[in-house]
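Dropping the structures in below, format is structure tokens.
You will see two complexes here that share chain A, one where it goes with chain B and one where it goes with chain C.
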Partner chain A sequence: MKRTVLFCAAIILAAIALATSSTAGAKDAATAEFEKFRDVLEEDNPAELFEMKGEELWKTKRGPKQVSLEQCDLGLGPGVVRGAYVAMPRYFADVGRVMDAERRIVHCMVSLQGFKPEEIARQPFSNASQTPEQTALVTYVAGQSRNMKFAIPMNQPGMRETYEIGKAVAAYRAGPYDFSCSSCHGDDGKRIRMQELANISSPEGAAKSVQGWPGYRMTGGVMLTLQWRMNDCFRQQRFPAPNYLSDTITALITYLSANAEGSLYKGPGIKR
Partner chain B sequence: MAEPMKIRAQMKGDSADIRVLMSHPMDTGQVKDAKTGQTIPAHFIQQVIVSVGGKVVVEGQIGTAVSRNPVFGFKVKGVRAGDKVVVSWTDNKGDKRSDEAAIV
Partner chain C sequence: MEIRKASLICTLICTQLSLAAAAWADDPRAKAISMIKADFSAQGSAGVDRLEQDGLQAVCTRSGNKPPPAIARRLEQDQQAGIRYPADGKFLGDWRSGEKIAQSGSGYTWTDPPGVPAGGNCYNCHRLAPQELSFGSLGPALTGYGKTFGNTTEVQKYVYGKIYNAKASHLCSIMPRFGHVGALNEQQIKDLVALLLDPASPVNQ
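Let's look at the complex of A and B:
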């Protein structure tokens, strides 16, 4: 009897040793496999279909005022789209506030084309049957900054303040689970199951968090923006849902984008 | 109305690498609308035809197992740069779409 117990213990110990060594090895191999998978997917990204759609929407005369968005000022002058995405959020003097890309585009749809903000907010994000126009527009604008570096104009009025608010939002602990963005995304080397979590306070981590958005999510086959991603973070934290295009989200995006300063933006991405 | 496709055709060695992105809901007919509870009727591409330089090189039947906004890739031999690639599809509701691109 005693011998059997000892024997069993030995087997269990051996099994544990084996399991630990193979988990360490398996993790690296799995990460590498995921990266290979992503590289293959990025070659043919359905996000390009939404870029095409967005470009068409951008150039078409639409809305109650029947004008195109070609006079929309994304910060580099009216109609300049190239490189605008990687230089937002920024301060817009005409409205006297900091805006991120999606917010600015919606602002143009309202101020230039005469769309009603409450109608746009009725369906802010994509679902299986419908992609909102602003999502396609954001995808188009983002595609025009492909392979350019994030260069957020932090010296503009209000930018520092917005950044600090964003930093505070990321660190704000609340909700039934009493955690903040930084609880999971504030240190290096954390993960959920096999998914590595980006540390948004570091330049590399912040770059990872803004990289690939807007993104085509294969689960459901929908095109989603960075605004959606931020909202979904709050949902996962069990926070109340933020209003569409709220100051909170702009501040959070400012914090992430400014931390990612200087990193290369690879354009609209593809997500699992 | 059917949205345009995105076609990329590139010579790689002695064959052309053709990639096609199609915009289509590819509804299987097995999914219910979350809000209304009604089944979303099947709506999917049934036939795909690819021709290069006026000659049909691929003619295929596809169904609901193919994802929304699908991507297809083909390698075609015996073609040259400048040849015209025409891709067309027909879905189960009779919607059609045809787009073209030249091999580079």
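Let's look at the complex of A and C:
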């Protein structure tokens, strides 16, 4: 109860700080205020609710085959969740390919529980009215790697190549505005308006880009995954839409996560 | 003239050959390209045709945005040749309208409703009017631009060309080619020229 009150107060104060930010001076103040509240919020992040929901989904017998996900192998053996998120993407021998966390979880929902991929892909990301089950599952799995270091197994088959492909995807310029990922995310200290941009080619920038995902976004009050983040970047890049759980996105996530190697993952985050 | 034409053709052939070589080679870039082409779907106004690179995009991608100077110069000249300057010879529009265009970041994403004119996206990357404090830093600050460089016809024409096609002077610039791709029309570009150069514009206060 106390936590809920504290959380609500923080949200209201943050909202006031944001609403009154009509000049950059105020915006800077708003940013500073938000940083302060983020520290409070991280203690009481609504993402925790999704972690709990995800844990319940993970352990419940569900789907046409009525089994739980407790036999799902996230790379560390069937049912091992702890530390799995910071060691993905990785190569999965059973499918002979590299998969990121969300892709692997959906793979388990399909192969173990019998869900239909096209039904899962129908609403891949959260909207105001609904959070997809796999989003809650990813949040649960991610929470089980809180305060652990990214350790992507780059010596596995296909990993180095996937990384290099991801790097090439990040550099690929096309579309009406000639943008690549690197147009905005290739240098240190850049901003779009007041939004700081991570330089994904540097270890620090790459760590920033994967840190805090999956994240609870206060704007709209939705839980969103790294898959969503990549999707929305391509929207802003003026590209057509990447297919959900595609090789291209896995390659990009491999590039980012491997560049973030060794950095501490603080768990599901909170975003403005 | 003939020599220029010949070298132009030569450059084009070289570009095509290098692109073909990229497609044949078993390298990460070639794999990335075929992956990208398989992994995207049309949504809203954003069709999969956008995944195809034009020559400039391909040369900049392949060279890590550092093309050999001779090729860069030649391709910049091609971009320059495509700039359509106003038929009436006037470059200066209305800075008030220019400020609105500069503020707008809409256009060309798959969530933008069709028929809505694209914005200039200027403040996304540049500082302009000093009272607008929410500005990006991907491009240089342009505050005081007209005060610094003057408001002569030459400067007006230069600025018009820069907004129309920034790649005519820097081949692999990250700035979009707003006139070249039809994102901004002649009047909108004139209004932006006024925002930068008109002595009455807030940019020059």
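Operating definition for what follows: the second predicted complex is superposed on the first by the 238 of 272 C-alpha atoms of A that agree within 3 Å, B and C clash if a C-alpha of one lies under 4 Å from a C-alpha of the other, contacts with A are read in each partner's own complex, and residues count from 1 in each chain.
Just so it is clear, a residue touches a chain if its C-beta (ideal position, glycine included) is under 8 Å from a C-beta of that chain, and two chains touch if they have at least 3 such contacts.
Computed from a predicted structure; not experimentally measured.
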Contacts of A:S129 with chain B and chain C, given as first, second, both or neither: first
Partner chain in contact with A:D44 - chain B first, chain C second, else both or neither: first
Touched partner set for A:M218, first chain B, second chain C, both or neither: first
First (chain B), second (chain C), both or neither touched by A:R193: second
Partner chain(s) touched by A:S246 [first = chain B, second = chain C, both, neither]: second
Which superposed partner A:K61 touches (first chain B, second chain C, both, neither): neither
Broader residue contact with chain A after superposition on the shared chain, chain B or chain C: C
Chain B versus chain C as contact partner of A:K53, first or second or both or neither: first
Interface residues of chain A shared between complexes with chain B and chain C: none
Chain A - residues contacting chain B, complex: 43-44, 46, 48-49, 52-53, 128-129, 216, 218, 220-221
Interfacial residue positions of chain C with respect to chain A in the complex: 28-29, 31-33, 35-36, 38-43, 46-48, 50-53, 56-57, 60-61, 64, 108-111, 123-125, 131-138, 167, 174, 176-177, 181, 183
In the complex, chain A residues that touch chain C: 23-25, 27, 161, 164-169, 171-180, 183-184, 189-195, 197, 234-236, 238-243, 246-249, 251
In the complex with chain A, residue positions of chain B that touch it: 3-4, 6, 19, 21, 23, 25-26, 31, 33, 40, 67-69, 71, 73
